[in-house]
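Below: a set of structures, written as C-alpha cells.
You will see chain A twice below: alongside chain B first, and alongside chain C after that.
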Partner chain A sequence: MAVKILTEHINVPGINTFDVYRKMGGYAAVEKALKKMTPEEIVEEVKKSGVRGRGGAGFPMGMKWSFLAKPEGVPRYLVCNADESEPGTFKDHFLMREIPHLLIEGMIVSSFALGANKSFIYVRGELMYVIQILEKAIAEAKAAGFLGKNILGSSYDLELVVQPGGGAYICGEETALLESLEGKRGNPRNKPPFPAVKGLYQSPTVVNNVESIANTPWIVNNGGDAYASLGVGRSTGTKLISASGHINKPGVYEIPLGITVEDFIYADEWCGGIRPGHHLKAVIAGGSSVPILPANLILNLANGDKRLMTYESLSDGGFATGTMLGSGGFIAMDETSCVVRNTWTFARFYHHESCGQCSPCREGTGWMDKVLERIEHGKGNMHDIDLLVDVAKKIEGNTICPLGDAAAWPVASAIRHFRDEFEWHVKHPQEATQPGAVYRGAMELV
Partner chain B sequence: MENTAPQLFKITFDGIEIEVPPGTTIMQAARQLGPHYAPPAMCYYEPLKGTGGKCRACLVKVTAGSAKDPRPMPKLVPSCITTVQDGMVVENTTNESVLETRRGIVEFLLINHPLDCPVCDQAGECHLQDFAFEHGRVTTRYEEERRTFEKQDIGPYVQLHMTRCILCYRCVFTADQITNKRVHGVMNRGDHAEISTYIEKAIDNDFSGNVIDVCPVGALTDKTYRFKSRVWFSKPVEAHCDCEKCSGNVTLWYRGDEVIRVTARKNEWGEVKEFICNTCRFERKKTSDWTIEGPTKISRHSVIMANKYRADVKKPAFGLKVAEAQYKQIDDSRPYITDGTTIRELSKENNAKANQRSLAENN
Partner chain C sequence: MTDTTTPITFTPERLAKAQEIIARYPAGKQKSALLPLLHLAQEQYGWVSSDVMDYVAGLLSILPIEVYEVASFYTMFHLDPVGKHVIEYCRTGPCCLMGGEDVYGHLKQKLGIDTGETTPDGKFTLKEVECLAACGWGPVFQIREKYYMNLTNGKVDEIIEELSKD
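Let's look at the complex of A and B:
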C-alpha cells in the first residue's frame, strides 16, 4: 500500500472528533512547531518538501510562503481557499467533511510559520453543513488550547474564522476571494500587486488550497526531505484525485504522484477500470478547465511512453498532445459521451460564472456558449467550428484572471482532438439531435 | 554626493525613445507622445482612481521588461495599469498580435451592443464608435441573439440604457469618488451583469450627473437633452458661472440661440477636467446664466466639427495651376428649363425609358 499523508486515518470511526483525531496522533505538529521550531524553520521544511499548490496552478508552496512581504507593524494573513467549485473536483469537500481537524491543524502550523494571528477559511456557500463541521472542530480545538491566546503556553495567538462564500465559482480565484472576504463584489484584481504584497485589506496575504494546507502537519512531523522522497521529480508527495465519470469506482483517491494514468484508471486499488462493456474515449484530467485528451493521448505520451499522474507528465507535449494536472478532477468518458455536448456544458458553465469585468471573457464566454448550443442542436455551420477556435484564441491570455483561459481551453482542445465529431454534428443535424446520439466514426477507443 | 535630481526611466515605445519618471504607466508615457501613439482606452479614466485594466482595449506587447531583465513579458499587458521600468521596450501599433487582439476586443465589445447609433444621443461623441472605426472589422461574425435590458430611469435627470453599456465601471468609480453617497454599482455577473441602483433607488445627489460625462457610450444619458439634437448640429462654447457647489467651468452646447445641453469640459482624451454639479448641468440653460469665454477647441477630425467654424481654406498654388491648365469652357447652349410642368413631363418620359431599359435587360 502506498503512503497516505492525508487519508491514513480517514476510515477510523469518529476521526471527525477532536478526541479520536488527537488519539491518532493529531495536533502533534502544532506541539512540535510551537515548542521546537521557529517559523523560518517551518518555511524551510515546506520549501524542502517541494509540495506544490493543490488548488490548480501547482505553484510551489514554500516559494509562495517565502515571497510574503513582512513590513513592520502590518498584519499578515493566511487564507485557506475552500471554495472548490471546479466541475469535476470534490476532494476538499471530502477532506473537510471526513477529517476537519487535519485542516485546522494545518491552518495552525501554517499561520504560525507565516506570522499570521488571524486566519480565514473561505468555504463555498453551498457547503453550509461543512461550515458547521469546521466550526465545531474549531470550537473543540480552542477548548483544548490549540487555538486562541497563548497557544500551548507559547506567546502565539491565533484566531480562525470560517467565512461562507456566496456560491460563485469566480470567488475561488484568489484575488476575487479576497475581495469577497472584504465584503465586496467578488471581482478578481489586476496583478501586480500580488496578494503576497497587498492581499486581504491591503496587507501581505498567503492564499492556499485546503489540500495544500492539509499537507503541512505531515511535513512538520516528518520533515520536508521525507515528503520530497515521495513522488517523482518536481511532483512530490501525494495528491487527492476526484475521480468521476464512466469508471467502476468513482470517488476521492489519495495517489502517490508518479503512478501511471493507466494504473489509475484500470487498477483495482484505484478506479477499477471503465464500466463493463464500454471503452475509454476521453479524459479530462484536472477539472473542467484543463484540455480534454482522447484515450490514447491520456494513456501514452507522444513518444509512446506511458503517461504518469504527475504535473510534468500530464503537461508533456504542451497543449498539442498534453493537458494539466490542475486541481485533480479526473473525469473519464466512455464511447457513449458526446464531446460536443460536454463542451457545450462547460461553455455554459463558464458563461454563467464569468464575473464580467473584462470584455474578452464577458462577451467571449457567452458567444462560445451560444455557438456550441446551436451546433449541439443541429443548427451549426462549418465556419462555426473555426469561429469557436478563433474566439477561444482571442480570450486566452488577454483577461484579468485565468477564468478566461479556463473557458477557452476546453473548447479549443475539444476541437483540436475531436474535430470530426463537431463536423459530424454540423453535417448530420438530424442524426446528431436524436436523443442519446453520439458520433461513432473513426476514433480510437481503448 | 548623491544625485538629487529625479531619476528618469528611459523606455522605447513603438521605436520612439522617451524618458518618464518612475511610476508612470505605459499609457501615460504614450500619451505624452500624442494621440497618434497612445493606445485606445475604453475603461481607463485618469481622473478616477482605480479605473483601468478591464476593457483590455489598451493591451500592448512588452518585448523587453527592463534593462536589468530584458526578457519579454509572456502575455500582452494592459498599458493603462502597467508601470514602466527603465529600459522597457513596448510595441503598440508596430506589433501585429497587438492589432489582431485589438480587433478582437472591438468585436467583443460590439457583439452585444445594439446598432442604434442613429437614435443614440451619444453618437458622434461615442468612444465605442471611434474605437470600432479605428480598430475594428467592417463586418460582423456574430449571428446570435444580443442580450437586451429594459431602459431604466435612475433619478429625475439620468436614464440608463443598459443594453448599450460596455461595463467599463467608470460610472461606478464616479459614484464612489465624486458623489457623497454611493447608491449605484454592478449587479449580477458576466454578460448579464448590469449597472443598477440598489432596488431601483433614484440617484439624487448634487454630483450624480457626472456619470453621464464619464460614460464612453450612450448608456447613461441626460434626460434634459434626450433626442433634442445630434451632437454635430450643436456648437460647443466654454463658459463659467459663480457656482456655490462646483467650479462653474462648463461647456455649453448651443443649437441656434438655445443652450440645449451643459457638460463638463473635457481634455483631449475625452476625460472630464473638473466635475460639475447638477445645478449647472441641468438647471442653468439660459445664456444669461453664464459668462461666455469662447468656442471650445474640438479636434479637426471630430464629427462635431462638421459644417462649423470653417477656416479660410488656403488653396495650394500648384492646385490653382492645374486647375488653370485644365480649364474648359462649359457648353452652356442648352436651354434652361425652369417651368415645373415641363420638368415633370420630362422626368416621366425619362422614367418610362429607364423602366423599359431595365425590363429589357432582365428578360
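Let's look at the complex of A and C:
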C-alpha cells in the first residue's frame, strides 16, 4: 500500500472531531514544533521536503516561505487559500469537510514557522457548510489549548480566522485573494511587490493552498528527508487528485507521485477505468486551465514511454504534446463528449470570471466565448477557428495575473489536438447541432 | 421582498455576530468584515438591497460606494429580490459531462421558469452559477449552504416536492 500523508485516517469514524483526530496521533506536530523545534528548523524541513504548492502553480513551498520579509515590529500573516474554484478540482473541499483538524494543525505549525500570530483561512463563500465545520474544529482546538494565548504553555499565541469569499474564481489568485480579504473587489495586484514583502494590509504575507498546508504536520513529524524520499525526482510526496468525468469511480484520491496515468485511470485502487461500454477520448489532467490531451498522449509520451502522474512527466513535450499537473483536477472524457462544447463551457467560465481589469482578458475571454458558442451552434466559419487561436495568443502573457493564460490554454490546446472536430462543426452544422451529436472521425480512442 | 416601512437593522443575534466578526481584524481594518457582513445581511433579508448596503456601510464606518462596488463584484450576492429558495446550479464543464444540461432542463421544466427567473408563487428562483468544486459528485446544485449532488431527474423531483411543502 502506498504511503498516505493526508488521508490515512480519513475513513476513521468521527475523525472530524478533535478527540478522535487527537487519538489517531493528531496535533503531535504542534507539540513537537512548539516544544522541540525553532521556526527556522521547521522552514528548513519544509525546504528539504521539496513539497510544491498544491494549488496549481507548483512553486516550492519552502522557498516561498524563505522569501518572507521579517522587518522588526511589523506583523506577518499566513493566509490559507481555500478558494478552490478551478473547474475539475474539489480536493480541498473534500479534505476540509472530512478531516478539518488536519488543516488546523497545519495552520498552527506553519504559522509558528513563519512567526504569524493571526492567520486566515479564506474559503470560497459557496462552501458555507465547510466554513461551519472549520469554525467548530477551531473552537475545539482552542478549548484544548492548541490555539489562543500561550499555546501548550509556550510563549506562542495564534488566532485563526475563517473568512468567506463571495463567489469569484479570481480570488484564488493570491493577490486578488488578499484584496478580497481586505474587503475589496478581487482585482489582482501588480507584482512586485510580492505578498512576501507587501501582502495582507501591506505586511509580509505567505499564501498557501489547503493541501500544501495539510502536508506540514507530516513533514514536522517525520522530517523533510522522509517526505522527499516519496515520489519521483522533483515531484516529491503525494498528491490529491480530484477525479471526475466518465470514470467508474469519481472522487478524491491521494496518489504517490510517480504512478502511471494508465494505472490511475484503469486500476481498481484509483478511478477503476472508463464507464462500461465506453472508451477514453481525452483528459484534462490538472483543472480546466491546463491543455486538454487526446487519449494516446495522456497515456504515453511522444516517445512512446508511459506518462507518469508527476509535474515533470505531465508537462513532458511542452504544450505541443504535454500538459500540466496543475491543481490535480483530472477530468476524463469518453467518446460521447463533444470537445467543442466542453471548450465552450470553459471559455464561458473564464469570460464570466475575468475580473475585467486587463483588456486582453476582459475582451478576449468574451470573444472566445462568443466565437465558440457560434461554432458549437452551427453558425461558425473556418476563419473562426484561426480567430480563436489568434485571440488566445494575444491574451497569453499579456495580463496582470494568470487568469488570461488559464483562459487561453484550453482553447488553444483543444484546437491543436482536435482541429478536425472544430472543422466538422463548421462544415456540417446541421449534423453537429443534433441533440447529443458528437464527431466520430479519425480520432484515436483507447 | 424587503419591507421598506421598517428601517434596516440586524436582529440582536446577528448584530452581536457582526460585532464579533468586526473584532477579528486588526484595528482600523474593519473593512475586512465586509464580505462576512454581506453574507449575514443576505441571510436575514434574502437579498442585498441598497438600503441594506447602506446599513452595512454604517456598521463598518465606510462609504456606501465601497459596499456597492464589492457587492456587485461577487456573484453570490443577490442585488434583486429572489424567491424563498434560490437554486444555484453548476453549468461548468464537468457537471455538463455528467448530464447536467439534461437535469437542469428538467428542473426548468418542472418549475416552469428559466434561469434568472422566479416562480409566480415566489418560492423558487433559478440561478446559473459556475463550478461549485464538487465535480466528482456532479451534476450539482446548491440551495443556501446545502449542496445537492449526483442529481438525476428523479432526485430533482423529490427535492422540489419536499421544498414545495413549506
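The rule we apply is simple: the second predicted complex is superposed on the first by the 446 of 446 C-alpha atoms of A that agree within 3 Å, B and C clash if a C-alpha of one lies under 4 Å from a C-alpha of the other, contacts with A are read in each partner's own complex, and residues count from 1 in each chain.
The rule we apply is simple: contacts are C-beta pairs under 8 Å (C-beta built on N, C-alpha and C of every residue); 3 or more make two chains touch, one makes a residue touch a chain.
All values reported here derive from a predicted model rather than from experimental measurement.
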item	value
Partner chain in contact with A:E353 - chain B first, chain C second, else both or neither	both
Chain B versus chain C as contact partner of A:L387, first or second or both or neither	first
Touching partner for A:N190 - first (chain B), second (chain C), both, neither	first
Touching partner for A:Y201 - first (chain B), second (chain C), both, neither	second
Partner chain(s) touched by A:Y129 [first = chain B, second = chain C, both, neither]	second
Which of chain B and chain C A:G397 touches, first, second, both or neither	first
First (chain B), second (chain C), both or neither touched by A:A168	both
Which of chain B and chain C A:G364 touches, first, second, both or neither	first
In the superposition, chain B vs chain C on chain A residues touched	C
Interface residues of chain A shared between complexes with chain B and chain C	168, 185, 352-353, 355
In the complex, chain C residues that touch chain A	24-26, 29, 31-36, 38-39, 60, 62, 66, 69-70, 73-77, 88, 91-94, 96-98, 129-138, 142, 144-147
Interfacial residue positions of chain A with respect to chain C in the complex	75, 84-90, 92-93, 118, 124-129, 132, 159, 161, 163-169, 180-186, 201, 242-246, 250-252, 284, 288, 329, 331, 333, 337, 341-342, 345-346, 348-349, 352-353, 355
Chain A - residues contacting chain B, complex	168, 170, 185, 190, 351-360, 362-367, 370-371, 374, 387, 394, 397-400
Interface residues, chain B side, partner chain A - complex	42, 52-57, 59, 74-76, 78, 81, 101, 104-105, 107-109, 111-112, 141-142, 144-145, 147, 166-167, 169, 185-186, 188-193
